[in-house]
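Chain naming follows the written order as A, B, C and D, and within any one chain the residues start at number 1.
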Amino acid sequence: MRITYRDAMRLAIRDALLADPRVLLMGEDVGLYGGSYAVSKGLIDEFGPDRIRDTPLSELGFVGAGVGAAIGGLRPIVEIMTVNFSQLALDQIVNTAALLRHMSGGQFSVPIVIRMATGAGRQLAAQHSHSLENWYAHVPGLRVLTPATVADARAMLEPALADPDPVVIVEHAALYNIEADVPDGITCDIERAAVRRPGSQMSLVTYGGSLPKVLAAADLLAAEGIDAEVLDLRVLRPLDFDTVAASLRRTHRVVVVDEGWKSGSLAGEVVARIAEECLFDLDAPPRRVCSAEVPIPYAKHLEDAALPQVDSIIAAVRQVIA
Amino acid sequence: MRITYRDAMRLAIRDALLADPRVLLMGEDVGLYGGSYAVSKGLIDEFGPDRIRDTPLSELGFVGAGVGAAIGGLRPIVEIMTVNFSQLALDQIVNTAALLRHMSGGQFSVPIVIRMATGAGRQLAAQHSHSLENWYAHVPGLRVLTPATVADARAMLEPALADPDPVVIVEHAALYNIEADVPDGITCDIERAAVRRPGSQMSLVTYGGSLPKVLAAADLLAAEGIDAEVLDLRVLRPLDFDTVAASLRRTHRVVVVDEGWKSGSLAGEVVARIAEECLFDLDAPPRRVCSAEVPIPYAKHLEDAALPQVDSIIAAVRQVIA
Amino acid sequence: MTTDRVRLLADMYRIRRMEETCAELYGLQKIRGFLHLYIGEEACAVGALHALTDDDNILATYREHGHALVRGVPMNSIMAEMYGKASGCSRGRGGSMHLFDATRRFYGGTAIVGSGLPQAVGLALADTILARHGITVCFFGDGAVAEGAFHESLNLASLWHLPVLFVIENNLYAMGTALARAQAQTDLASKAAGYDMSSSVADGMDVEAVHAAVADAGGRVRGGWGPHLLELRTYRFRAHSMFDAELYRDRAEVDGWKRRDPITSYSARLVADGVLDQAGVDGLDRAARDEVAEAVEFAEAAPWEPVADLLTDVHTARGMS
Amino acid sequence: MTTDRVRLLADMYRIRRMEETCAELYGLQKIRGFLHLYIGEEACAVGALHALTDDDNILATYREHGHALVRGVPMNSIMAEMYGKASGCSRGRGGSMHLFDATRRFYGGTAIVGSGLPQAVGLALADTILARHGITVCFFGDGAVAEGAFHESLNLASLWHLPVLFVIENNLYAMGTALARAQAQTDLASKAAGYDMSSSVADGMDVEAVHAAVADAGGRVRGGWGPHLLELRTYRFRAHSMFDAELYRDRAEVDGWKRRDPITSYSARLVADGVLDQAGVDGLDRAARDEVAEAVEFAEAAPWEPVADLLTDVHTARGMS
């Protein structure tokens, strides 16, 4: 079935609502408005306003309510419109959802799934263009997922909801319109990174909204005779480093692509792990292609210049292969 | 003059209040209570409740008020009691203070200094033991400082207040009682890392509350005949990587010590930069000594096991030197 | 106040025509990103800002084109900003949601709902401590009232007795969420009592009513009586942004409000009062259209910021502080 | 209700004696970290929890020893938790600020001021959707009222008509900040109006008054009338935590409140009413002391969690979900 990433998310949410009466979707404008990215369009008609629950603009309050609902036995899917506003709710995510099981000596589960859109590239300017994945990936007790394909958008929610612990799903807004054929009954392993394109000369490691750019770069590089393997990390915490290491031990060269600002980025964590665990497998210094260290500007040419692009990925690969 | 780190901070705040009528200190219990770590004890008597301004428990509100006050021409020092509560105020720090100058095309300055205590080690359990430096160090537009010595506590505030842009000062609570002689008129370069102990065989890179542990480890290592250089990063953003690289090019081995959780840590950023820029200078894989990936527990033996310790630093050095 | 009444109408026309053109330019992809139109709500910004002085600080939201314009930001530089050009009032870095003008004490332009309120408290604190005489006026939507920032800011302003005028532009919806689906207590002005603050309500479709309410409340705040909460009851005629299918409200409701269009009704009133004749009204409209045409021309011709300047003003250049 | 009255007094003694011993143990460094004593406020937790049922959910703050104990968490496991022992009610990982007991619906024990309130909304939502009959009772201090979380949570609970009883333990100070220096509106119960919520006030030094107020408000909430805000006026006799020099309040003020000690006054009342004689009162006190002594013995002997278990329960073990 050919569907968009947006449809895939919706179908996954719908399946979850049908399968388990404890599941509900809550967030700003998920109901009557149909979701700010139209992901939940129509669901309120099918499931009603109790299970497709519109919230006021109270990120701390409704995320905390989601945490409480999860502790109380529901399986809430809480949508924060974008990662930018998730900053208002961080306390509930980090200080309760992530800590509670351990801090209570294992007594409480917080089976919440928190979804949020992320990323830049649509000229929404500095306050609406953050990529803060590494903030979340830093926190023990959270699982952080980044569906980068239509198939993952379709299949990730089920295991995320089955996880008795809090899961953060970060959806790059630039992906909602991509399309693909997705077979029925597809599943997703939320423990493992995925090889999106096998290759032998170079490992390109990425996740989320950067995957299409990296695949495009890999295609162009192939035309130049450079055979790059593309890895999609898919789960940012706990990181599946084995898959990265296995690739690197074959290719000996790596570029990590991440839309976050370079300093303090998740790409930095990946490069650090590589240096710690695979130093002598490297034939060249690893490189990161990240966003420039600047608030993302509105003007298109400046925004383009600030973000990882196919060109800058190719340039980094050339440096590493030289 | 022999003073504690706490005294040093207070003297620095007092100097700033005396020097510039635009300076004020605001935060929870900075006034009548004397500061939750007694840093501001007595200042309200000298400067009155308008300039030593107690706030209600409203982190988002009073940090945002500090941002507005800075835009409006004051030089506020805003104290967030601890980094743990700073999560509630992140939106104002990241979405306004850090972005405003760039986003407005250079029209507005936000000369705010935000101080916060951080760190674990006093059995305060999971919600009061975070180290989130890398969250802040990830954000363009912020300068992030970590005074690790009494001298830096004494001298850092002045240049921080002189900076027309927002500065976050993170003070490890375990340092408040350390003592040292601090000469009058001491200054601090908030652009540069500091070499705290010269050495030739190994670079130990750290910052903030871990510095005393690293120095203790270096002393013990010296007794074993291992001559380690100790670097205090001091400014986490923008990172002074040159000083790290210069050390490494002499020692060829490095251990980075950071109380943050390892995944997504600032230590990861440092290791990544080393791999990118100094790969062929390394004689051994770099190592990080960080906190275990676990909410920090209350019980002392468990807390100790979760945090970097002199022993674990020495063990990492031995691995790297082997 | 004959002249003033004409200027009120003229400014409403300027906003209306500018935004209608913006909507067209959005279709032409000259303007990108988010574009939130103020059409229908013009009486709020116009009535309010005409009752304030140059010393007052203004904060608004992402729906702030009107506020910027009436505050005196030249239409040329607003339009250039929407285009993302270097001659824009934020050098093209902010776009529609982030219009700024330091010289006019126009503090933007924030895209985080509720985030202007704490800053308004701080600006007023600065004015108080630095013995400046302006007041701080912070505009925000009904949606923002649910945010914790509203609560914390109103308490701080009242506790510290600061000269802040908080103005709710209650257009009955936060995106697709009707007020009654967001607020247990829909009488928003009444919330001031929880902060021991005075409050008032005015008809946000009537520019003179808004002017009077702001003059009154602003005078109170200016006089040292502490902050005030003013609720303006208004309505947006267009979608929330350019991406909105408007599934959440009836055509009939929208049409009902459109019959109260602040511009047509005020035009009629000025004609009825003999302040203007229809030709005079048309003249204002035409002047507005001309100004818009010129602004578009300006924006079209304006230069882009060089990519080489991308990193300027992240931090202040060293030695320039 | 003869028996009940005795149990009210008995429970107040249990809290008082337990905490006095905790303070001593803190001096001996058996208990570490932060320790916030409830001494003086016992009537609040005792009166409230005796008016609730096992089906109700309880959330409290870092000043929650009393709530945990009256809820039925064994004193042994509370004391072991304070010691950081594996037999503690949070396996020694939480300490004084993080007492938990899932089987008794005791949801802790949070050290972030205000963070329990949104969770209370969610717990009540879960009960409503899962058709369980309990109500959710959330205790917090006067300081928490200034937090955005208070505002957002009260609105959500009222908007969604959820069975939450919000209980302010107004002890007049948040650390060193007196209520009037934190709140523009110091009548805290009156804030409920901003959320179209009912409210009431009770004397938090009088255990029966608290009991009656909670029975009343709880009944209202249980009956489906929506959430309620209850303010208990009380006072802490000790420092905020063990690190507090108490520079911010007068000895005379503290002494004045101590003359209203909830335990001595209630003891006298029960003697006057002939419910107990002095020997009966002394017997309750002695029983409390004995229980404390045993709890200390238990905690002393209890095992430490093995360091090898440090990482358990960060995530659920695979295959165990």
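Note that in this section a residue touches a chain if its C-beta (ideal position, glycine included) is under 8 Å from a C-beta of that chain, and two chains touch if they have at least 3 such contacts.
What you see is a predicted model; the values in this text were computed from it and never measured.
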Given chain A and chain C, the chains that contact each of them: B, D
Chain whose mean Cα position lies farthest from chain B: C
Separation of chain B from chain D, taking each centre as the mean of its C-alpha atoms, in whole Å: 35
Chain centre separation in whole Å, for chain D relative to chain A (CA means): 40
Where chain C and chain D are represented by their mean Cα positions, the distance between them in whole Å: 46
Shared-contact residues (touching 2 or more other chains) in chain A: 56, 58, 60-61, 84-85, 88, 91, 95, 102-103, 125-127, 140-141, 238, 293-295, 297
Multi-chain contact sites of chain D, meaning residues that touch two or more partners: 90, 92-94, 98, 110, 112, 146-149, 152, 155, 159, 181-183, 314
Pairwise touch network: line, ring, star, complete, or other: complete
Complex contact set, residues of chain A against chain C: 28-29, 31-34, 36, 54, 56-61, 84-85, 88, 122-128, 292-295, 297-302, 305-306
Partner chain A, residues of chain D touching it in the complex: 57, 88-94, 98, 100-102, 107-108, 110, 112, 115, 117-127, 129-130, 148-149, 152-153, 155-156, 159, 312-316, 321
Chain B contact footprint on chain A (complex, rising order): 60, 84-85, 87-88, 90-91, 94-95, 98-99, 102-103, 125-127, 130, 132, 134-135, 137-141, 237-239, 260-261, 263-269, 271-277, 279-280, 282, 284-288, 293-295, 297
Contact footprint of chain C on chain D as seen in their complex: 146-152, 154-155, 158-159, 181-185, 190-191, 193-197
Chain B partner contacts - residues on chain D that touch it in the complex: 32-34, 84-85, 90, 92-95, 97-98, 110-114, 143-144, 146-148, 174-177, 181-183, 243-245, 247-248, 304-305, 307, 310-311, 314
